[in-house]
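Sending over a structure as structure tokens; questions will come in a sec.
A, B, C, D and E are the chain letters, set down in written order, and residue numbers restart from 1 in every chain.
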Amino acid sequence: MGSIWEYANPVKFSRTAGLVLPWVSIGATVTLVVGLVWGFFFTPDDYRQGSTVKIIYLHVPSALMAINVWFMMLVTSLVWLIRRHHVSALAAKAAAPVGIVMTVIALLTGAIWGQPMWGTWWAWDPRLTSFLILFLFYLGYLALWGAIDDPDTAADLTSVLCIVGSVFAVLSRYAVNFWNQGLHQGATLSLDKEENIADVFSTPLYISIAGFVLLFIALVFLRTRTEIQKRRTKALLARERLG
Amino acid sequence: MSLSVHDLTITRGGIPVLEGLNFSLEPGRALILRGPNGVGKTTLLRTVAGLQPPLSGRVDCPPESIAYAAHSDGLKAMLSVTENLNFWSDVFGRKDISAAIQAFDLAALTDRMAGTLSAGQKRRLGLARLLVTGRPIWVLDEPTVSLDTASVRMFADAVRAHLQAGGSALLATHIDLGLSEAEVLDVGPFRAGPNSTVPGGFDEGFL
Amino acid sequence: MISLLIRDLKLAFRAGGGFGLGLAFFLIVTVLVPFGVGPESSLLSKIAPGILWLGALLACLLSLDRILALDWEDGSLDLLATSPLPLEGVVTIKALAHWLTTGLPLTLAAPFFGLLLSLPEPGYPWLVLSLLLGTPALSVIGTFGAALTVGIKRGGLLLSLLVLPFYVPTLIFGAELARRGAEGLATTTPLLMLAGITFGVIALLPFASALVLRVNLR
Amino acid sequence: MISLLIRDLKLAFRAGGGFGLGLAFFLIVTVLVPFGVGPESSLLSKIAPGILWLGALLACLLSLDRILALDWEDGSLDLLATSPLPLEGVVTIKALAHWLTTGLPLTLAAPFFGLLLSLPEPGYPWLVLSLLLGTPALSVIGTFGAALTVGIKRGGLLLSLLVLPFYVPTLIFGAELARRGAEGLATTTPLLMLAGITFGVIALLPFASALVLRVNLR
Amino acid sequence: MSLSVHDLTITRGGIPVLEGLNFSLEPGRALILRGPNGVGKTTLLRTVAGLQPPLSGRVDCPPESIAYAAHSDGLKAMLSVTENLNFWSDVFGRKDISAAIQAFDLAALTDRMAGTLSAGQKRRLGLARLLVTGRPIWVLDEPTVSLDTASVRMFADAVRAHLQAGGSALLATHIDLGLSEAEVLDVGPFRAGPNSTVPGGFDEGFL
């Protein structure tokens, strides 16, 4: 069996991604449709939260993804810095927009949920706040990619940004927890009650989460392939110019 | 203190520009790089100076023996000529700047802010910096831009004195410096072709 | 090293060097806040520690793009990179020079601005202490941001964008320390956290800054 | 003229051009304020209009040094001054390009940021209106400041300092308009004053800007 | 379309640098300014181009007939070669840039961002701008800096074509452009002395 690093070759990766992509896409569509339809239409209303509880099927998966996408970018950034495989850097680049969209979905669904639940669109609850900070990190990361012309330089710089940023993101999380403790006790109660969720709610939730994961994988494969193709076009043009 | 370059391939913007370069520079010698605009002289000098890594091949030279001077002079507009020179001489651990001031005829300008100098005066100051580095190998990119003929001669004299003191110089230039003892290397023939075989060029992992 | 520090300080004091501008900016932000939020002094004294910290942070932020970009533009950075100074030392010195010309004066002047915003009496020593502990971190983190964006023309805004999220923990603990001090609450935790962040950042971040600077120079 | 506008907009949208950064900066300032002053939403909603205006003003301020300094550095400004375009036209176009890439997006995005600071319900239309009326003045005044400081290397901080006092009337009437709107008070006076300032500034300041620019070029 | 300069005294940093200058430039002629570094050529050209006022004397030339090119090229790094040229051609009200691209051999570079060009290529682009202005009088400050010999020839040809079309050119340079038909004016003798009698120099209202 070949080493996993074989797939670090852009051509090989492209080919493999091309083979896997249709299956992942189908899987993502099926799980998403099943999870969301089940969640939205075939679960009973919650006795306290009414039908608004159903937004959980978007909110929780997207929130989970938002964090995990950053984590994946952290790993691929490290791989790029250590082993200098272009695919790795491009995968990080491809994942970032998906991550920021997930963050926005989590924030928006949270806000929509918060309106009936807490009577406000936004509160400076520690968890919400650290999500907003995550959003800022994504924003800076994307802005840096956008501002630099040379792809390898951009890959290096964004990788370092991602790694240092992760440390600071964790720090911020603690800082925010500390900051809002003294003032807003109990505001977090409305979160953190996974244990209370009954099975009727949780099965579609798990399916929905799986759907988001598959969707993310499909998008990252697709976008990484596009990035590879872009680089390839550029390389071909450059070679042509020399000839 | 000799510099040698083995089978060097250099890239700019991800594209190989020069390949298969081999040359060496012994103490006391000067080598002038020639070649049309855009062939890659600047890129080569930056690679030799260690500012960018080569794509393949290697540059052999004792670390910290190179004094590099590029298109921009690294002058601070709000420091006087003396302060500018003193700063670089401190950084490189030497103290005396009067030889440098004399060699480039800056005595009349010592108290002027560098920002108020004319183009050629700035360049002279930039070149005077080389003398205060005390480094043996000079790597210079178009050093005589904006200089009048008298100053070009002054520069050639400074290079000659440097060579006599056992230093060496690698220069890229388009004009005649009057350095008859220098060897000339035309880098034109080393231009990288489209079927360059060096691995890593053209992002060819992507092809 | 010392000569680099001296040069940077000298440049900061020369015409156009920007010394004192941070202070002036701080002053103006402090003055503008009452215009923006209205003049009620009870409201102002409540938000004073936070606003003072924010003002200091913004004043710091605005001067970040001078740390490295000037040297990049005139080619000094290339020359420094080929000089005997290690790049880690260069970025540390740059951060130090920035702190001496921005953070330190801000810290010393903060009590006067506190008066303008009717900061409660017991808050003053805590305000100064928190700024003294926190502003070095701002300079060091800012130098990292400056190194990241040094190749970008007039990257000031991008720089701010990148750096601000990194400032969040420092701001939170700093402002919290000042506020708790002003309200007479326990201050140990934020004090320790703030000191921890500052020392950690000073010890580690220069390596990252030198790394990205090297990437940008090539 | 049109081609200058198109070029400036194109540059703003290219890599490193800085479009959207103003917005991001605005967002960050809005987020940082609660970190500084604490998360109580009653307190925040009270200072929201002022803080939002301050944030917009700062985002504007930070991008001012791109208006003319880039063109100065690469020599375009010399060339434009010797071109058939009148310098008054050049500075007007520059201000317009700045507003289109900074002020307008800020105005459109302000309601979302209002949510973060729990701006009271009736305040939203007034906030947008006040920004729509006020930000053009910020761009025009900013261009004047940029013209004043164009010869100074990395004059960003000095520029901010010069411009801030000029921004005070706009800030006062703008924030006042937004606050009165939010609190349901009469809004006619600040509305008229704000509109007056903006139109006056647009009509007259470009001449002053062109004048100082000419002085700086020689 | 002729340019003439009468009894001109120019200052830099409040100090007169050249005084008593008289020359004129007829259509079809080129005038090369020579002089040692720091004598005041750049200052003179800026005055002629109308960027700074003379201390005394006057510059006679039809307004809006001068195309000025200085040390910096006014290129936008993030615009392509074509976009850069198109912009200036729009500003000056002309449309066609292909002649300019051809004259300076930029055809291979049209889609490249100006920021990625080499020093000489940038300079060629900066010079190509002159052709799209359609202005009759060229005022050029060291136009051939960084150019290789082939490009210098290209530039000389462009100047020659411009002269033949009834234009004229005022150039400051230190190197030989191969423009044998151009007159040469050495500005050295016009260097302002300390007992310059021109009123206003040295801020002598304060003396």
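Just so it is clear, contacts are C-beta pairs under 8 Å (C-beta built on N, C-alpha and C of every residue); 3 or more make two chains touch, one makes a residue touch a chain.
If you're wondering where the values come from, they're calculated on a predicted model, not measured in any experiment.
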item: Subunit B to subunit D, fewest steps along touching chains; value: 2
item: Greatest separation from subunit D - chain, by CA centre; value: B
item: Chain pair bearing the highest count of C-beta contacts; value: C-D
item: Remotest chain, subunit A as reference, centres from CA atoms; value: E
item: Mean-CA-position distance for subunit D and subunit C (Å); value: 24
item: Interchain centroid distance [CA atoms averaged], subunit B/subunit E, Å; value: 28
item: Where subunit A and subunit B are represented by their mean Cα positions, the distance between them in whole Å; value: 48
item: Rounded Å distance between subunit B and subunit C, as computed from the means of their C-alpha atoms; value: 37
item: Subunit C, residues touching no fewer than two other chains; value: 16, 73, 152-153, 155, 158, 161, 164-165, 168, 172, 218
item: Residue numbers of subunit A (touch at least two other chains); value: 133, 136, 139-140, 143, 147-149, 179
item: Touching two or more other chains - residue numbers and ranges from subunit B; value: 13, 71, 77
item: Subunit E-touching residues of subunit B, taken from the complex the two chains share; value: 13, 35-38, 40, 42, 71, 116-121, 123-124, 142, 145-151, 174-175
item: Parts of subunit B lying in touch with subunit A, wherever the complex brings them together; value: 13-15, 192-195, 202-207
item: Touching residues on subunit C, where the partner in the complex is subunit A; value: 144, 148-149, 151-152, 155, 158, 161-162, 164-166, 168-169, 172-173, 176, 185, 189-190, 193, 197, 205, 208, 211-212, 215-216, 218
item: Partner subunit C, residues of subunit B touching it in the complex; value: 46, 49-53, 64, 66-79, 83, 86-88, 90-93, 129, 133
item: Contacting residues of subunit A [partner subunit D, same complex]; value: 111, 120-124, 129, 132-133, 136, 139-140, 143, 146-149, 179-180, 183-184
